[in-house]
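One chain, subunit A, links the two complexes that follow: it is found with subunit B in the first and with subunit C in the second.
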Partner chain A sequence: MATVGRALLIMALGVTVYGIGASLYGARRGRRAWIDSGRRAVYALGALATLAFAILEAAFLRSDFSFNVVAQHSSTTTPTFYKLAAAWSSQEGSLLLWVFLLSVWSSLILFLTRRRVREIAPYATAVLLGFGAFFTSLAVFFANPFATSAQPPTEGAGLDPLLLHPSMMIHPPMLYSGYTLLTIPFAFAVGALVTGRLGAEWISMTRRFALAAWLFLGVGILLGARWSYTELGWGGYWAWDPVENAALMPWLCITAFIHSIMIQEKRGMLKVWNASLVLASGTLSILGTFLVRSGILDSIHAFGASTLGIPFVLLIAAMVIGSIGLILWRREQLRSDARLESLLSREAVFLFQNLVLVAMVAVVFWITFFPLISEALTGTKVSVGPPAFRPFIVPLALILVLLSGVGPIIAWRRVTAANLRRSFAVPVCVGAATLVVLLVWPGGPAARPFALIMFALAGFVLATVVQELWRGTAARRAMTHDPVPLALVGLVRRNRRRYGGYIVHAGLAVLLVGVAASSSFQHSQDVLLSPGQRASVDGYTIRYVRPTEAVSSQKISFGAVLDVSKGGKHVTTVHTIRNFYPSQNPADGLIGKFFDSADSDSQVGLDAGLRRDIWTVINVDPSHLAPLINQGDTLFANYAPSVMTQAAKMPPARAQQAMNALWAERDLAVAEIARRFVSHPWPTEFLLIVDPLVTWIWLGALIIGGGGLIALWPVPSLARRRAAVRKRARPSASPGLPVREPA
Partner chain B sequence: MSGPLEFLIVLAVLGGLVVFVTAPLRRARTPGDDSAAPGVAELEAAREAKYRELRDAELDHSTGKLSDDDYEEIDRSLRAEAIEILRALDRERALPSHGQ
Partner chain C sequence: MSGGGPLQRRVGESAPGMDPSRKRAIRLTVALTAALLLAAALVYVSFSAGNKEVTASQLLTHGRPGQTYELAGTVVDGSVERQGATMLFRIRDPKLHVSVPVRYTGVVPDPFAAGRAVMVAVREQGAAYIGQQNSLTTKCPSKYQAAAASE
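Right after this comes the complex of A and B.
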């Protein structure tokens, strides 16, 4: 089926090129049939990419090692769950995943808009197919997922052990969905700029896709953070790594867009700003893909360097130059229809919040690319880490949280001092009370001013959201006389964008409380312990109870059972493990290949709770076993070739028996050596961390996701709702205008 | 899988692809077009946005973020803007080029 897969990719490339030509010809000549044909090219791309992706997944599932990509990234022992995910651990498979997701989302938007935005759509179609052509041509010419080998190996190299984590099944498709969804607002913005149709229509068509991109990208980022926390063994969830930053930048940018687009919808303002944001988000999504796949910057998340740098740089340059050119060309039509009436208005808060978000993007971009910039200017690649980000990001994050509380309680257009007092009184009191309580709390966070301010601001934000929900529910109850729960549900259901957004703000406050607490009050220790010894971390006593070991066909696992107590009382027991996977390096030796630290990963011993996480990881040094390993390697280096030579002269069935006996002896030797970790344990290194409120990060993320889904959920059309209301309300004062409805 | 079968599959997919993508070009040109004219569609989007703004102002008022005076003024001005959009929509729909 590799030939069919390859042919499908070539057809996909052909159909994208045809579709671009047909859409542009149809748009220029006003020929509807050609425009429809161009749109069908997108649907066809969707079908071809789906088939090609299914063929690749099928090859992984049946361990068809004639496919090079399967031989390099999977094995017969890889669990089925991870065989499916192995497709996108390779460069070739991830490019195909990109094309598949792009074609699915593009088909969806073009189907939904098939009778609307008819001037803009052909240009958007051409842009979307342009992305499709770019990624398909990379898969056809540079990283073919259907390349085969005439003499396939009997066993594959297996999946990178670090990727053997449940979130890896979902994390990359989520991130790629976010990246590909961002191309949709980008494409429609280009179409709107080319045609000069810069009104509300293209925004209303693509807003939901921008929101979906924000949600998918956010879920992808959080899953990556969770993977980092539980799999990488360094004790953190966010390292300001280039690949993490590559996803964060478009997410921040599209967050700004989702807010500022409301100002354009309502007031006809910020058109240049919004066009710039959406074009920047699209460009940053391609930059993110480039950083993940290119290995141009050192990253713990980049799995393999590639040769795709130049095509990506050319595409990004074309997007940047094209975007600037289009905005300059349409600058007259992009002038605002209205002016800001007051600095005390929701649009002013949104504008300020946009500036903060864009400043964050600028900071992240500059520091992320600083190693490349410094290398270009000085010839030396300077490495930067989290300390470079914190002085800028922390104050910006504090302002952002403050604004996320102010936004919901301030009205559009203008407010009076009396209304301000009424809206701010309770939330400000809650924020101030939080601050005072924490200041006087014995051993509290007074010594960490940034964390203290974040907690107080989070109290303010949560109070604003609760107040808004309460007041909205009360207003609805006054009209409908529903009980409180029903009124609350009705309120949120009828105003999904607004209250979905407020819930997101609450989730952000919870998440940032977790970030501030865990980064400011973390206690960690690197210790060397023998069984029976103990260490103390933040009042907890952690005792190394006993070592553990397990040998399987896939890995050797060395672990430790740790008992945690506080004040003499047992708190929990955790088990941390270091897994060693057989290396593919023949120089490691027949025995040594099972003990290579380069092919190992960590299993964290974690006791998570609402108040604190106890996080432990063992770092076993197998060099203590070196004498035995070397002895085994020498023995087998002499013994194995003679068995193999004899087996070569035997009939196949006996040869297989002889080889199986050889491997059984080797496995026995490996198991015996591994057992030394338990029978003759040596002092082992542990990283022990007590970290407060980490769980709040994941809870905050869940709240944000829930709010995002509420905001994304389709609302019944206003026309239908108005018709329903007219049946039960008085006639409208102005014919055609909405009557006043319950909140 | 044998080579000839793969060739036949590819040929069948290619044939289906060509037929599907070029179908609109082979159809007789239809006189009517059920899609909204660009001007009308833009005004309809503007109208929906204005209606949302009216409802938002109403909700801001009922939750105490807008005073009665401010709300009355804003509501009046929003309704005037909405009426302008509705009139523009009527004018656009009445244009001969947009008649169905």
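Right after this comes the complex of A and C.
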């Protein structure tokens, strides 16, 4: 099957090259048949990439270790769900996933626009196929997912235990969907610039895809944060790591675009800006992939040095130079139809918000790439960690939250004093009241001015959203006489983009309150405790009640039950575990391989609540068991080879019995040694954290996701809406059913 | 300004007779000044707050006592040892097989292990390098295979 997979990839590469040629030839010569053929090449790429991906997934499912990637990233004991997901834990598999997702989204957009934007579409097709050709080439020539081994191992290395987490398995496809979806607006922008068809049509065609990219990237980023919080054992959710930043930059950029296109649609302004944002988002999505795949930044997250760096640099350089060239070429046609009339208008607020978002991108870009920049300028690599982000990102985030409250309620074109009074009185009062209450609250956040301002601004934003929903609902009720919940649903359904956006703003406010509180008021203790001992964190007393251990065929789990109390009253009981997985290190003995901390992970003992999270993690040092482990290793090193030699001379069934008996004795020895952690516990290290409002981050993320889905959901066409109204207006044919009065 | 009395004047509206091109020039100047200030602050913070990123061999040859460096490299197999809450390990230069000892106290991320790529802020003290508390970071687990293959 590996040969078939590789053949499919080579065919896919051929199809992309043909499709680029056909689309460009058709567009230049005005030949419809060639243009259609180019579009069908995208569908063919979709089919080939899907088949190739299915072959790889099937190899993972049946543990076919003749595939190198399967042998390196899966094993027979890997759970089925994770076998499916293990495909994209490898460089090769993730590149194939890129091609697969790109081809699916490209096929979808080209199918939906097959009778529209006819001049732009062939160029967009060529660009999309260009990306397809690039990533297929990488999979064919540099990182072949179908490479095989002549002598496959009987067992695979298995998936890294840290990746055995549901959110981690959904997180990469989400990020990749975001990245690949961003290439669609990019491709259509290139098409529009090449053809000079720079009206709003290409924007309306691709707006939904930009929104989908924003949603997928956002979900991917937050799933990564959640995984980091619950799995990585360091107590945080965001580390300003280059790969995290790689996803954040295009997300910020496309957020700016989603807002600024409204100005182009309403006022015909910011055409250069919008085209630049789309092109920058597409380029940043490739840059993000490059950061992960090339290993150019030798820090935290990125791949080790690989051969993919140069092709990526060439592609990014082509994208940047091409984008700048196209915009300069079409600068006359990109002139705005209208001018900004007042700095106190919705357009101006959107523009400020765009500038803040772009400034954030610039800050993240500069600091992320600073090691490379400093090396180029001074010959020395200089690293700047998370503290360098804060002086810039925190004030910019505060301005952004303020603008996300102002934007929805300020008038277009120019604001009047009456508009200011009507729209801002209540939200400003709510924000001010929040500020005053928090200032006078004993032990409140007055000592942390940034957090304090964030809470007040969040109050302001939430008030603006509630006010807008309330006013809209009241207006709708006045027309329809529906009850409040029905009127609210009807209001949101009628204008999903607008009210979905408002809900996103509310979610952002909630999320940033969580971020501000958890980063400003976290309390943590790194302590060494024996059973019965206790530590105090932020007024909570945490007592190490008892150690636990469990041994299974897949792992040894050492844990601790911790009792949490406050003021003498029991609050909760948490159980944190450290899992040790059998190591593949040949230097480890038959017993020692089960206690190698290189293959271990943490299970966080977490009590999450709306007010605070109690987060605990145990860090078991197995070196206390070293004498017993060494004794077992020596014993088995002498004993096992003789059993194996004798088994080799036996008939297969008896040999299997002899080997099973050997492994049973080994498992017994491992279980006995592991039990020492409970029978003779030693002082163990714990990281104990009390963190306020972390749950608000996940809650805010859910609200943002919900708002995004509402905004993304297709609005029924005008014709269908009219038909529905007519149908409702007609007397019902069924007797007994109520007849609705026409509105 | 549109006609009408003072009550109808729009908020934020400029004074009558203001030349639109002059208005645009002022806005552009303000925007460019803000961008320049941001850029200058970024450059200043990056150079003043950054630590030199070095490998083990660079640290041995160019390191100065008392100065903090960002040490990047691979944890040497068999070098990890715990002494209570303190951890001792060696980090080697992936290319030159030169290593330095590190004494670290603080949060150890789960992916930390012998043979894996890490970064830690260190300062020379006597025969060892003292890791700054909670500065230890490790590569994403999904990247180990490629990193190992390349070394």
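Here is the rule we go by: the second predicted complex is superposed on the first by the 700 of 743 C-alpha atoms of A that agree within 3 Å, B and C clash if a C-alpha of one lies under 4 Å from a C-alpha of the other, contacts with A are read in each partner's own complex, and residues count from 1 in each chain.
Assume a contact is a pair of C-beta atoms (placed from the backbone, for glycine too) under 8 Å apart; a residue touches a chain by one contact, two chains touch by 3 or more.
Given the structure is predicted, the values throughout are model-derived calculations rather than measurements.
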Partner chain in contact with A:496 - subunit B first, subunit C second, else both or neither: neither
Touching partner for A:265 - first (subunit B), second (subunit C), both, neither: first
Contacts of A:534 with subunit B and subunit C, given as first, second, both or neither: neither
Which superposed partner A:566 touches (first subunit B, second subunit C, both, neither): neither
Contacts of A:371 with subunit B and subunit C, given as first, second, both or neither: second
Touched partner set for A:575, first subunit B, second subunit C, both or neither: neither
Partner chain in contact with A:414 - subunit B first, subunit C second, else both or neither: both
Shared subunit A contacts, counted only where both subunit B and subunit C touch the same residue: 414-416, 419
Touching residues on subunit B, where the partner in the complex is subunit A: 1, 3, 6, 9-10, 13-14, 17, 20-25, 27, 29, 33-36, 38, 41-46, 48-49, 51-60, 62-67, 70, 74, 79, 82-83, 86
Subunit A-touching residues of subunit C, taken from the complex the two chains share: 7-8, 10-14, 20, 31, 35, 38-39, 41-42, 45-47, 49-54, 70, 72, 77-78, 80-82, 84-85, 105-111, 113-117, 119, 121, 135, 137-151
Contact footprint of subunit C on subunit A as seen in their complex: 72-73, 89-91, 160, 162-163, 172, 231-235, 239, 241, 243, 292, 295, 298-306, 339, 342-345, 355, 359, 362-363, 366-367, 370-371, 374, 380-385, 387-388, 391-392, 414-417, 419-420, 526-528, 585, 587, 597-602, 619, 621, 623, 683, 685, 687
Complex contact set, residues of subunit A against subunit B: 1, 3-4, 7-8, 11, 15, 18-19, 32-34, 36-37, 40-41, 43-44, 48, 51, 114-119, 197, 199-201, 203-204, 265-266, 409-416, 418-419, 422-423, 468, 471-472, 475, 478, 495, 498, 718, 722, 733-734, 736-738, 740-741, 743
